[in-house]
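Before anything else, here's the structure in question.
To keep things simple, chains are lettered A, B, C, D and E as they appear, and every chain counts its residues starting from 1.
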Amino acid sequence: GEKVTVTHWGQLMYGAPYAVAIEKGFYKELGLDIDGVLTSRGGGTTMRNVMASDLPYGEVALPAAIAAANQGIDLAIVHTGVGTAGEILWVTPNASPIKSIADLAGKKVAFTSPKSVTEMLLIMVTDKHRIKVDGVAAGGIGQGVTLMQQGGVVATPIMDPVWARFEDKLKPVFWTKDELPAIVQTVGVTTRAFAKDNPDKLRKLIAARRKAVAFIYANPEEAAAIVATAYDLDKAVARRAVERLVALRYWSDGAFDQAAMDNMAKGLQIVGEISGPVDWSKLVDGSFL
Amino acid sequence: MSRAGLVRTAIVVAAVAALELAARGGLLRAGVAVPPSEVAAKLWSILRAGDANADLVETLGNVALACGLALVAGFSLGAVVHGLPRLRRALDPFLASYYALPFFAFYPVLIVVLGIGRLPIVAIGFMFAVVAMMVATLNGFDRIPRALPRTARVWRMGPVRTALKIKLPSAAPHLFTGIKLAVAYAFIGVIAAEFIMATSGLGYAIAYAFNNYDNRTMYALMLLLLGIVVVVNGVLHGAEQRLLARRRAR
Amino acid sequence: MPTRLLDTLLVLAVGLLAWQGVHWLAPDAVTSPAGTVARAAEMLASPRFWPHAGETAWAFALSLVFAIGGGLAIGLPLGLHRFSAEVGEPILVSLYSLPKITLYPVILLVFGLGLSAKVAFGTIHGLVPVAIFAMNGVLALPPVYARAARALRLSRWRTLAAVLAPAAVPEIVTGVRIGFSVTLLGVFIGEMFSSQRGLGFLLMNAIGLHDVPTMLAIILMVGAFAVTANAALLALEHRLHHRPA
Amino acid sequence: MTVRPLARPAAATAPHEIHARLAEVTRTYGAVGGRGGVHALGPVDIALRRGEFYSVIGPSGCGKSTLLDVLSGLSRPSAGAITFEGRPVDGAVPDGVGVVFQEDASFPWMTVRDNIGFGLRENGVDAAEIGRRVDAALALMGLRDFAAAHPPQLSGGMRQRVCIARTLVMQPRLILLDEPFGALDAQTRLIMGDELLRVWRETGATVMLITHALDEAAMLSDRIGVMSARPGRILAEIETGWPRERDSRIAADPGFGAVTSRLWGLLREESLRAIGAQAPAGADHA
Amino acid sequence: MTVRPLARPAAATAPHEIHARLAEVTRTYGAVGGRGGVHALGPVDIALRRGEFYSVIGPSGCGKSTLLDVLSGLSRPSAGAITFEGRPVDGAVPDGVGVVFQEDASFPWMTVRDNIGFGLRENGVDAAEIGRRVDAALALMGLRDFAAAHPPQLSGGMRQRVCIARTLVMQPRLILLDEPFGALDAQTRLIMGDELLRVWRETGATVMLITHALDEAAMLSDRIGVMSARPGRILAEIETGWPRERDSRIAADPGFGAVTSRLWGLLREESLRAIGAQAPAGADHA
């Protein structure tokens, strides 16, 4: 069978709809033979995987898609994946005296890597509260937790399902959803050539995902079980994570939210990743929704 | 230059030219291959603008630190273990398979022990380099002709003077092999750790450029790294030749 | 030799004790040896583990074949022709000390994703040391072997096949052993970046999920495999180098 | 048990029939382009009589191994002609010539038996015949108990015997030996020398032995060629006059002292001349 | 130019004054725990007379190096007593004893001059004195032109001269040499032997030379100890009766033949016995 590409499959929850769509046979219903998921640890690597794979379609981080487009890669954004970064939160150990964003002022706070979404969010949040923190690049979510446990930083970003595993040891300092407007994290991309040659197939791919998203919202319990199996996660952890994300309406049905996309572009300008506004008209193609 | 040197240069030049032609002629996928001339131009502009300086300094610093520590520790460990044949035999299987371990996986552990920043990176470089130096030291000490320490005994020299004035210089050629390997391994370890885990340094910069589809910068930085490795190798090779020159027959 | 085995076990025990010590110092970040072994056993018992292990093993086996085959194909001819060796050696040594991880992007660009990229990455790690050892092994052969072959009126081809090749076997095995280790490392690193199956993928996933027991269990399993396989090759190497009973 | 002879019995030989000859042979190394190379040997004239035991002695580096190389056909002379059994030798080892090298040339990856049979197998001799010849050689060289051993398990002397056996099974009519006992101590050389004499007697082959041990040459040879320092020329050929049936006890013969002191005399001058540059005048008035 | 002597002139020696003695000395290797080790040497009794040139010959592995080790104090005997100049030798090399090893022990990382002066510097001799003694040794050993060279640039014979010079500058009264010319060809050994004789004459030191070359022993020595196969014992001590003023030309002396054939006789039997196992009966009825 064919394989779609999804960033951070097995680690982060972007992939839940794909797991459900495969497991519940939504692809099959539409005559598609999708039986697996390619992945990588994110960013440009996933983007490259999409372009290199036999089925050049997948869900990648929006900044990676923008970067690729800026380098002249001929791609089209065909749907929204995860339309919010609200699930990301900064946490601190239970025993920590830190209680609010204001308490972070002047302290060392982790983000994952330079110019990443977490750095962007941290800057946006601290700017909003007019405080200065000493940002530290930890290298990843897990590394950030380790670093915090060793006292290297007072707070570190986390998200489900990792958060679900640490809920009893760590406490939130702030949630992005409480601080910032919606920001598109991931989008579905394909090559222009594939879109032109296989418009129907593309439509079906998107439709199957949409059906899976609807299924998750309707049957969170069963969806969590499917994700737990696909990701090899503890069942309880998966359930808690899915519940929380359902409440957040984390997974988009695919429709574009211009403002949420612009928010990401703004953030990327803040961290210096891009120099000007993005011309979405050249990138986005909503005709397959 | 020697005849071999000339032929070697010719081969390298031909390879570069072939790559240039292939890239320009569209033989290779666009975006995959960038003509070497453009890579060199890009590197030149990066160097002139100083964009890579901070990463370069950081990486070289990490390598130097990792390598320096590995040389001292590797030599000391080697010298001590050489004096304890039982320990040495017990260690042998571990030393021999040491390089199959994926050190990068220790990174999270290293953060625990050493905190975030350059130290865990240096530690990975060190872990890569130290065993090479240790094994070279063991080899070197093994190959000290028996008659040399015996000569020292005839002159009634103490063990420390014997170690310093007889064993060390006698083992020097092997120690130098260890130094060369340690430098190479420290480079490999530091760059790999930066590439996979870190958030700064040359390795990170290459990974970053890759992630951003910035192939031109990526190739330019790789070229820079290649240049550094070749120069360092060359310098070490030259130093070794000088060291060994007097020890070789006419 | 029993004392030797005892000593090795003693060293192992000291290592485990140190590990346990680190665990006591930082229980969150380092699982205890017992906990790690338990996790490893759990993984080994899980049917989901084996496709990953199988994928890595397959990629590793292919890489090893290419690394050894390619290494010998490059190293042996260079060793037979002294001038070529003089030309080629510095190039090989530079390649050897080049941090090959930086080539990963190129590999991905050229081979795309999946098995072929992993195999290519494993191969470039192992090929160079095998080539260097094979070359030096042939170069260092006593010239008297070739002369003896001529005195026995052997053809060029028979000289190569019946005398020079077997004579170089011990050095070649040493190269293969070194190549074995770095090829494994190469495949593993390859899987850590871009892959959906394999132990390297599991490890990267565990790092992403901050799942310390799984991380250490994977390292332990790979390490145990590497040490065992290497010990076997080492024993073979000793037999070949010293060839007496 | 009788052991078959290793070489075809020599034809009833006319006295002083010439078996191999070097005529005005010189060898220069590495004279590439215009630059002159090392003049290693010659001009040398030697006529080996069929069935004789001829030794060559000379100072280190005088060209003894070079002489063996050109005579055996392992390398070409720069000038001059070499014939073996009347046919010119030219860049290939002729059938009927066997060479034993100074270095240990036994193959460590084969058993002693396989080592000895190797040349026969490569030359397409049939298996039964190989078995017979190898057995005979094992017995002759006192290696029967070690047939299944590998060379690294043997002493240096025994390894050298393997190489000699490997050469003998090819039934060479001319055997060239380049300091074959160089690595052994004097006592073992003595034993090996006696064995070599026996082989020589029994096979009827012509033997040329290169050695730097004077007493070895004096004890074993019918004739001894004494070479000058590089470029090696034959300074003198000394006839010992020993009977064909002999062994190392010949050293007790009064004639032995006469032969050795003649050799000493010839070599002493030659060595002093060769080493002259290395022992400057200062050494004398110390 | 006159060169200072390298050793204090020997005191007017009483005839046959004993300089060093081994009494009932044996040496066993590696008898750890209950398991018996290798009985390498002895029991051996040797009395070295002051100023004599004593050689030891014997088959390979018979314990010659072991003998030198215990006599020099580099290792302890398993039983028996060793005295040097009347004092017991016990696990340390006494002052006044110099050793030249079979292997090349020159330091490749130092110049010839520094090699020769190294022992003196380590023993705190003052610089001016070192300079004088080293110059004298360079001249004596014919190494003046090579003072600034490094050993790897020299021939094997010259490197061995460096080692001898390095020992001589320490002004030993007893010089022990373990097959010092083992790696050299016969002609170079000849020259080196003559030089050794001169040094011996001029320094008045006592010399014990271990060698496996019969003619070398016969040519150089006042007395020759012939050792049995392992465990080495002294089979016989042969007095040559040469005059103190002599060199290799002694080989032309009629007495030389007598000495060598006696040595050959003794060693032939011993070698055959030692090698017996390696040359099984099969070799004889071939």
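Quick note on the criterion: a contact is a pair of C-beta atoms (placed from the backbone, for glycine too) under 8 Å apart; a residue touches a chain by one contact, two chains touch by 3 or more.
The UniProt protein names, listed by chain, are B = Bicarbonate transport system permease protein CmpB; C = ABC transporter permease subunit; D, E = Bicarbonate transport ATP-binding protein CmpD.
Given the structure is predicted, the values throughout are model-derived calculations rather than measurements.
Undergrad: Tell me the fewest steps from subunit C to subunit E, where a step is a jump to a chain it touches.
TA: Counted as steps through touching chains, the separation is 2.
Undergrad: Please name the chain that ends up farthest from subunit D once chain centres are defined by their CA atoms averaged.
TA: Farthest by centroid: A.
Undergrad: Given the two chain pairs B-C and B-E, which is bridged by the higher number of C-beta pairs in contact?
TA: B-C
Undergrad: Quick one: subunit C and subunit D, Cα centre-to-centre, how many Å?
TA: Taking the mean C-alpha position of each chain, the two centres sit 47 Å apart.
Undergrad: Express in whole angstrom the distance between the two chain centres, defined as the mean CA positions of subunit A and subunit C.
TA: 37
Undergrad: What is the distance in Å between the mean C-alpha positions of subunit D and subunit E?
TA: The answer is 32 Å.
Undergrad: Where in subunit A do residues touch two or more of the other chains?
TA: Subunit A, residues with two or more chain partners: 45, 48, 140, 142-143, 146, 149-150.
Undergrad: Which residues of subunit B are in contact with two or more other chains?
TA: 31, 107-108, 111-112, 210, 215
Undergrad: What residues in subunit E touch two or more of the other chains?
TA: In subunit E, no residue touches two or more other chains.
Undergrad: Which chains are in touch, pair by pair?
TA: A-B, A-C, B-C, B-E, C-D, D-E
Undergrad: Spell out the part of subunit B that touches subunit C in their complex, as residue ranges.
TA: Subunit B reaches subunit C through residues 2-4, 7-8, 11-12, 29, 31-32, 86-87, 89-94, 96-102, 104-109, 111-113, 183-184, 187-188, 190-192, 195-196, 203, 206-207, 210, 215, 218, 221-222, 225-226, 229-230, 233, 237.
Undergrad: How about subunit E: which of its residues touch subunit D in the complex?
TA: On the subunit E side, the touching residues are 1, 3, 57, 59-60, 136, 138-142, 144-145, 155, 157-158, 184-188, 190-191, 195, 198, 202, 212-215, 248-249, 251-252, 254, 256-257, 260-261, 264-265, 267-268, 270-272, 274-275, 278-280, 282-283, 285-286.
Undergrad: Would you pull the subunit A residues touching subunit C in the complex into a rising list?
TA: Residues 3, 8-12, 36-41, 45, 48-49, 52-53, 140-143, 145-146, 149-150, 161-162, 165-166, 232.
Undergrad: Which residues of subunit E touch subunit B in their complex?
TA: 72, 74, 92-93, 97-99, 101-105, 107-109, 118-119, 122-123, 150, 152-153, 170
Undergrad: What residues on subunit C touch subunit D, complex-wise?
TA: Per the stated touch rule, the residues are 142, 144-145, 147-148, 150-154, 158, 162-163, 166-167, 169, 242-245.
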